[in-house]
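Given below, in the form of structure tokens, are the structures.
Two complexes come next, and they have one chain in common, subunit A, joined by subunit B in the first and subunit C in the second.
On to the complex of A and B.
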């Protein structure tokens, strides 16, 4: 049963990927920039949804791994002229590695302490980059060579998003989903059943971090210049969190719905950045209070209410 | 190699500043102990206090340090509706809902400050803020001594409140076991609301002291929030006097870090210490459930 669903998911993803691959041949530069951003955000949101929605680890450290990917990518590109596909693979490894290195500290305690630990990690890395002259200090680093043209970068962003979506399909449609849910709902009970919660949490954290680092790398190369306040900035964390909460935390389609909503809102309020963030904050408060399952949760309830006996 | 006077001045300045940080961290600590909430808006509340002091001085001409009780009450009063309308309805939904709500409050307020007061760096200008206080070769800013004295007096007052009053007994009971406390007739929601207001007032008063001693901007809150977390971990949750000690230790280490590595490393010391304590002494967070 589950095998069929996985094959179905992979089919849909492959079809969508093939269609979107040809976007550069008919989309305008503006539309392509927006699509690029959607792909990057989608990767961040799907990863955060896996970590927070599925495993129950609320992370405020998205910026750590966006920043890590950006700096590793620039280092490799500037010093070794490494080709972009190899850069992305190394960034993924670096993300997983950093997650593994800090996990003894972050997993030591459950719940909110993981959250504040990830927040402190992002702040620590940002301050280190500001103060270490090797990494360009506060003024940052420029890409020495011209970045690939936008259509090519869009293809990289699309590919990273596809890898992310495939990873999420595997996590949701195989036995892994049962293990993840067991750990989220009751770590101790899961441990009694022979599941190792620490390994499951570490696996999800490392996977999410690897994907986020790849997105960070593609995003940074598109920018052509990085500095610590932007790449390790809280904005990445706010955007990721709000997209998933608005879309529907824990739902498969939540990240996609949230990304489209937030990108559209951002375009509408492009000239009022402060108002944009404040309005996002208000939307978050209202949704957390009145619709904790977000847009997708609301729509699902709207369309399935007659058939459902008890709400989830 | 810096001479004795420089080193001694840095150490004493660090300890004094650490005392002020201890007051700020105490606000975070009591909210965490009683409500199980890491108040991610704590740093923004601090900035709010600094702006309150700045505009109070501007419109009344009265030194905000003289009007501290009034300003503290005002800031605490602002916390009441936040608790009543945003936090209380989420009390039964696990810690994450409240945590993320306060995160949203933080980003709203921070952008509101940018919108209303601009992103410029400000400070509460007082003539005594720049005066040095010298003893031999040791020199510390006078405002550090004043701020330290105020902070320690308030920390001791809060210690007395928690240890020796009826409200303190209810607070300790609510922190130890909210359900049991409620069974015994403690109005846990009221205790939580007053604790939240007290915690916010600590941040606000700390913000006024910081505003007189240093510069601040709408985005200053983040570093104070994270340093406060490091102090709470160092001092042990629920240990009021331990929080003061934790603040002074962090202040000392930050001063030494700034002296030996450069000023940019002051805050790095705080974050690194926080993560290190999490690895090696996590019981600092959880062991002492007393509030």
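On to the complex of A and C.
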């Protein structure tokens, strides 16, 4: 049954991808830019949802891997002239490698201590970059050549989002789904049943980090300039987790709904710079108060008829 | 599966509706220019002044009937977005202003990271951007610009100013210098390279060179070290919140050097408001004052103070001048064509509220530096003598 669902998901994703691929031929630059932003945030949000919603690892380290991807991408582009598809693959490897290297220390910590550990990782990397002149120090690095045109960048962002969506489909529609939920619900009980929690957590952490690093690389190439405060900034982490919480943590469509809502809200309020932060804050408070399971949770509750307990 | 389908439908509807509502439409007979500014976040203090400067210049042009484009007068519409002091947002705001609002040109943000992020986007889109608030050497180090123009001060001019001021005032110190700087681009350039070099040139001994994170709040150990080493002169490079913390913690540690110069952080009026009498005697480099003998300088500060009931800042002047340069260029071009506007900016040669503006080949126009000192909640110019509006308070109270 699950295999059928996986095939269905892959079919939907392939169809959607094919359709969106041709967007540059009819969509405006504005639509492409918004779509680019959606794809980048979707990759981050899906990855965070996998870690937190599915595996139960509440990470505040998103910025670490966004920054890592950015710096690796600039290093490869500026010093070796590496083509962007290769850069993305190397960034994914770098993200997974960093996750693997730090996991022995981080996985010793559980719950809130793990969360604080991931936050410290981002701060550590930021300080490292600020103080290492090789990486441009506090001034950062500029891309030596102009980035690819917008339609091309959009295609890269779309491809990264597709890879992410496929990875999430595999995690949700195969036996992996049961294993990661077992680790999330009770790590010790899962271990008793023969699951190796460390490997499961490491696999999810490395996968999420690889995807985030790819998104960071595409975003950095789009900017053309990076510096430690922006690339390793806490804002990436906060944006990502608020999008997932708003959309619905743990729901398959939660990240997508959260990303669409936040990006659309940002665009709606952008022309009211004096008020937008206050309005956004109020909307978020109301949402969290009345829809604690997020937009997807709320809509599912509203649009689903309550089942009768017994037939007449 | 049905649940999923229904929720997806509703989600898409909500998002589509929201995006539709978000579309801003410009009128066909308007000249639209844009700016992304730090209206929230750590640099909000600068952003609010810049916003006023930009808006004021546009209001004046509109009151005068607008700008003639192809012989027909058109009003100017300025669209401002908040970048929350985040370069990623500056870039995306600039992209949206160009693609959604179809701005014909941009005005810059504040500080190198934000200005450069927006300028790079405008440069790629081949749309002119005029900015202040980005030290010239940092601006030119990014790339050879074609569409970006910067009106601001030169970094060496700013960093040498305290030494020149002390030499000119003829005051006596023990020539022991403590340097405290943040690890941002300006802080590292000033604190690690330029100040130590100028100290050597002017005969000062650097007894301490301390670096701290940009948003640091605890300075007692740094202060104690400087006090123990007996530094009479302290040069600081920090943004406003740490600058306020430094001054307060110096007072609580009982450390009162004869000279305290705080670059960046001591610039906005919020610094003096947060410190009250403790601000008295603090020096800061400046590039504009209402007393400058340039057309409209005094009126600009008066207009700002009348409208906002706040004390003016030099950031109203460079932003106002940047906007005027752009608006004059649009008028000179008589067109909203980006290349024609860009060519007209290059030909700028006029005295504005900040002084004469003429761009060099590297797209920069230098503003002269003065040394200012906080005295009784206001800044007075103490150097150079020809521009001075008050006497140096020495030693610092």
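Everything that follows uses one rule, which is that the second predicted complex is superposed on the first by the 286 of 312 C-alpha atoms of A that agree within 3 Å, B and C clash if a C-alpha of one lies under 4 Å from a C-alpha of the other, contacts with A are read in each partner's own complex, and residues count from 1 in each chain.
Everything that follows uses one rule, which is that contacts are C-beta pairs under 8 Å (C-beta built on N, C-alpha and C of every residue); 3 or more make two chains touch, one makes a residue touch a chain.
Keep in mind it's a predicted model, so treat the numbers as computed, not measured.
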item	value
Touched partner set for A:127, first subunit B, second subunit C, both or neither	both
Subunit B versus subunit C as contact partner of A:277, first or second or both or neither	both
First, second, both or neither for A:256, with subunit B first and subunit C second	second
Contacts of A:224 with subunit B and subunit C, given as first, second, both or neither	second
Which superposed partner A:14 touches (first subunit B, second subunit C, both, neither)	neither
Contacts of A:292 with subunit B and subunit C, given as first, second, both or neither	first
Touching both subunit B and subunit C, residues of subunit A	127, 130-131, 274, 277
Subunit A-facing residues of subunit C, complex	2-4, 6-8, 10-12, 14-15, 18-19, 21-22, 24, 37, 39-40, 51, 79-82, 84, 86-88, 91-93, 95-96, 98-100, 112-113, 116-117, 120-121, 124, 138, 141-143, 183-185, 187-188, 213-214
Touching residues (chain side subunit A, partner subunit B) in the complex	58, 60, 102, 104-106, 108-109, 111-113, 115-117, 119-121, 123-124, 127-128, 130-131, 234, 238, 241, 245, 274-275, 277-278, 280-282, 284-285, 288-289, 292
Of subunit B, residues touching subunit A in the complex	36-38, 40, 86, 89-90, 93, 95-97, 99-101, 103-105, 107-108, 111-112, 114-115, 222-223, 226, 229-230, 262, 264-265, 267-268, 271-272, 274-276, 278-279, 282, 285-286
Residues of subunit A defined as touching subunit C within the complex	28-30, 32-34, 37, 127, 130-131, 137-140, 142, 146-147, 219, 222-225, 227, 229-230, 233, 235, 252-253, 256-257, 260-261, 264-265, 267-268, 270-271, 273-274, 276-277, 295-296, 299-300, 302-304
